[in-house]
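There are structures below to look over.
Note that subunit A is present in both complexes that follow, paired respectively with subunit B and with subunit C.
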Partner chain A sequence: MTLLRGRGYASVNYPTGMNLGGDPSQALIHATTMGAFVISLSSVDLGQGLKTVVAQCAAETLGMPMANVIVDTADTDTGPHCMGTFASRGTHRVGNAVIMAAREARDVMLAVAADELEVDAGDLETDGTGFVRLKGSPETRIHIQDITLAAHFKQGKTISGRGIFLKERNYPVPETGEMDPDSCQAHACTVADVEVDDETGVVTVLGLHNTYEIGRALNPAMAAQQVEGGGWMGVSHAIFESTEPYYPASRDHGPVDFCEYLMPGPAEIPVQESVILERPASNGPFGAKGIGEMTANAPIPAIANAIFDACGVRLTTMPFTPESILRGLDALRA
Partner chain B sequence: MPRVNPIDGDYFRDERKDGDFKVIGKTVQRSDALGHVTGRTEFFEDRTFPDLAHIKIHRSAHHHARIDAVDTSEAERVPGVLRVITHRDVPSNWYVVLRLIGIEPNDEPVLAEDRVLYKGEPVVAVVADSEAAAIEGAARVRVSYTELPAVLDVEEALAEGAPIIKQAGTNYFVYEGHHARRLRFGDVEQGFAQADHIFDWRYSSAPIEHAPTETTGCIVVPQSSGRLLIHSNTQAAFFTLDNTALILDRPFSDLQVKGGTVGGGFGGKVDVMVEPLACIAAALTNRPVKFVYSRAEEMQVSSPRAAERIYIKDGVMNDGRIVARKVMLYVDAGAYSRHSPYGTTKACAHLPGPYTIPNVYADCHCVYTNRTPSSAMRGFGVTIADFALESQMDRIARALGLDPLQFRLRNAYRDGDLKAHRKVAEGTALIEVIQRAAALVGHDLPEEYRALSSTTPRGEAA
Partner chain C sequence: MKIVNLKVNGVGKTFIARPETTLLLALREQLGLTGAKRGCAQGACGSCTVLLDGDPVVSCLIPAMTVDGGDVATVEGLADGPVLSDVQQAFLDGFATQCGFCTPGMIMSAEALLDRNPSPTRDEVNEAISGNVCRCTGYEPIVSAILDAAERRRAGANL
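This part shows the complex of A and B:
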């Protein structure tokens, strides 16, 4: 038995959004009388952190602390339309819609504050802690709670805003495939290190070394979660998963539970190290691009290429099972 | 402290203009994290109702068969069974979820009528007081079939003389009169003729399951107003609402979807598979009804990631420039369209990968076979293509004795390049992620490759 080590490379890009069916999302925002801002959406947070990241977009735009932002989603009676959470579109589309809504609400907020302070709204700024203050004269200030109370009980104004992001639908040209299918592209390069056991055919992914260009890391810890969670799925796709082990020859032997459908457990998770680059997208919220889906992609070919580097077997069918490795080694020895 | 990857600000420094953000770019704890790790997050299935009824499905036993007779009499006699639902109870039985964006035809029945096109296709739904009674009822449905020849291979499905399994008359989705989504850029045959080397290889994959922790499901609760409230783990609340209303043939305002908390999606919860039948059952019984996939259903009859077969033929010069790339892509859509026509177009838009190649030709086929319909899954159209494209790049580099990263850098797309789908590239950064990854692992690049930049137009490059 020999443990053979190898290294493989892959570089990829990935589109944000997919507007060939039209790709809109809306957001509404309103202030409560006590200084909170409620963002109403119908968007779905799949666990990637959409609710958190759009709250950050709202807080940044309003100039208010995160604690003042409440996200209410996803109820079709109360939230405006969203196409859904797919195509790496959530952060980009919903983030943009929330920024637009927050800008409108901010303008009203500043106008109300200006009336209370008897100054010009254009001379006001937010301090990020909950106050609106006069530029250059920070002692002239008013707290958001006093602004929202004044708006409701004194000035008779709603501090609210409407936002939508729409990239217009594009129709591919049938003859040539000419089209404008996306808003921007994120980029990645993965270097995979593997170990192949030439007796059992088992592949162990030792490490994934990644560089991701994602426009803007709106929340660096959640970006890390995306990269590492997706890397796990890439490893899983590469060396474990299929609902039809004998595709396409036979439809039989399909796994029906997690005893038969294998995925990496704690012992099979590689070490990951990643570097983030930011080239802000002109149309992204604070420049962000979508990376929800792409993080599973580059690891797969990087692992295939590393397996070849390790043992000389070129696997062209996913997943890269021990059986396929052993058959490949047999063919090399023949 | 959460783990954070370093951001290398040396790249694109002029474009980043950061520094004045107060919240953006900062690590804020995920709002749902504490609920998830303490078990307090409320998922749709955590809602309990005293009179909750349950749905289970009787499914096709064959890959392809004519239905001769359906006998539900024994099922109806199972104690606890409230109602048996067949296609006759579905107001608008034929649908395709993408009709919301104008995709035709409606090619899939909610419940099978006179034939089944895959093993596991729903034929009859049984509503019962308990899950056990629903399972027992579904097991007692008797269906008589006449088996028909099945097609289980994408290229065999397209071959002359193959049994036509689709009502529309072709075993492939028709893209505006074409048998495939086409990409035509430059003259690929001329490119091959001028190339020093030709590389022609095949790649393939098998279907992959989304494997969410929480299986697909919903609970529908009839309201005193006459509306139906749908608690769902859908990834797309209005997409589910609109498709469900069309199948029910009811006004859209009759329905309300509440969701937003999902135990894993990955594209597996955009197919609108459970809500229509649960709504029909709730309306017929006037009781809250739950329809949730078992793990076995999630793995074998819910849509997987499509299996793909990809042929890539490249023409390459001695110096490593790729001058022509031809791709023949076959996406196994399974028995019905679902989101696959869209995914196949997405695959087409992704070709020929992140490289600037002057001559590109692709036919991207969305092919129907007698297996579980595939549909959306994380990166569909791109994930498997990237496996094929980047394996191809590795093999060519080795065949020509080129460094794998230098070979990619030589062909990497840059700002201003015209992509094969005729969109001008902007905001590119492939060169920089390769350079930074090389530095990360100590892979030496010669100065001329370290000096490359995505923002330097190709013609002006050194």
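This part shows the complex of A and C:
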């Protein structure tokens, strides 16, 4: 028995959003009497962190603390329109819509504050702790709770804003095939180190080294976790997960339920090392591109290339099972 | 049907269990404790893990009728008001949760481990959470948070 080591790499360019028939998302924002800003969306947070990221976008734009922002991902029957949470589009599309809505609301907030302070709205700024104050004269200030009370009970105004990001439908140029189907692309490269047991055919992924260029990491901790969680999923697709070849033809063999569906557990995780590069995208919210689905992509071909490097077996069908390795080794020896 | 008396997080509870009521459904639907999650309902994912008489169990496989007189601990019982337990705090500090669906189960498995083994190795942590599936984090932050919690607990015990 020999343990063969190998290293391989793969790169991915990943589009943010889709062409569809146009790819819009909308956001509405309004201030409550207590001075909170409620963002209404029909976009869904299913664990990817959309609510956190859009709350950051709103807080930054409004100049208010995160604690003053409530994200209400209500319901597709009643919320502002969103195409959905897919195609790594949430941060980009919804983030942009939220920024636009928050800008409009900020303008009203400053106008109401200006009336209360009897100054010009153009001379006001936010301090990030909940106050609007006069530039150069910070003691002339008013708290957001007093601004919303004044808006609702004295001035008769809503502090609110509307936002939309629309990526219009794009058609290819017939002569060249050229088109602009997405708004920007994120880029990544993964280097995988593997060990192949030439007797059992078992592949162990020892390490994944990831580099991601994602415009701007709006939330660096979540971006890093997305990369490593996606890396884990890539390993899982590469060497474990399959319902084939028995599904759907026959359920007599192979996994019939999730008790038997193989996924790596905590003991099978490789060492991961990740670097995030930031080159702000001109049309992204604060420069961000999408970093969703792409994180599970590059690890798979990188592992396939590392297996080839380790033992000369070129595999093109996932998952890279011990059986496929052993058959490949037999073919090389024949 | 059977009237079941149970201690849940130290408080006595009484409810009526039908033959098909699992401990998980009793907790979630009759006692209003929705911390334990129903991921697979077949014992494969660990998202429903609670402690029964101190042992981690998948509550989706336990008929509620059989736990009369038992002592159950769920994730809701860990925090002391606004103060999180050491394991919860370590998960928060170590960013060991993404969607959070696996988190209550992971934390209860970790509690059970640290109760019997205050100084686990990384391998022992892996073993202890091997019945808990996480689809988001890649496990590393979870394992590190549990090791971190163990260290905090030991440091606390030495004070």
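Just so it is clear, the second predicted complex is superposed on the first by the 315 of 334 C-alpha atoms of A that agree within 3 Å, B and C clash if a C-alpha of one lies under 4 Å from a C-alpha of the other, contacts with A are read in each partner's own complex, and residues count from 1 in each chain.
Definition applied: a contact is a pair of C-beta atoms (placed from the backbone, for glycine too) under 8 Å apart; a residue touches a chain by one contact, two chains touch by 3 or more.
The structure presented is a predicted model; accordingly, all values stated were derived computationally and were not measured.
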Is A:Gly229 contacted by the first partner subunit B, the second partner subunit C, both or neither? second
Have a look at where A:Leu46 lands relative to subunit B and subunit C in the superposition and call it first, second, both or neither. both
According to the stated criteria, A:Pro15 is in contact with first (subunit B), second (subunit C), both, or neither; which is it? first
Based on the superposed arrangement, let me know which partner A:Ile269 touches: subunit B (first), subunit C (second), both, or neither? second
With both structures fitted on chain A, tell me whether subunit B or subunit C touches more of subunit A's residues. B
Just to be sure I read the superposition right, which of the two partners does A:Asn210 touch: subunit B = first, subunit C = second, or both, or neither? first
Which of the two partners, first being subunit B and second being subunit C, lies in contact with A:Cys259: first, second, both, or neither? second
The shared contact residues of subunit A with subunit B and subunit C are 46-47, 49, 221-222, 228, 233, 257-258, 263
Mind pulling up the subunit C residues that touch subunit A in the complex? 40, 42-45, 95, 98-101, 123, 125-127, 129-130, 133, 135-143
In the complex formed with subunit B, which residues of subunit A make contact? 7-15, 18, 20-22, 42-47, 49, 51-52, 55-57, 59-60, 63, 66, 71, 73-77, 79, 81-87, 128, 169, 172, 174-182, 184-185, 187-191, 209-213, 215-224, 227-228, 233, 237, 241-245, 247-249, 251, 254-258, 261, 263, 273-282, 286-287, 292-294, 296-298, 300-302, 304-305, 308, 314, 316-319
Using the touch rule from the top, collect the residues of subunit A that touch subunit C in their complex. 46-49, 221-222, 225-226, 228-233, 257-259, 263, 265-267, 269, 272
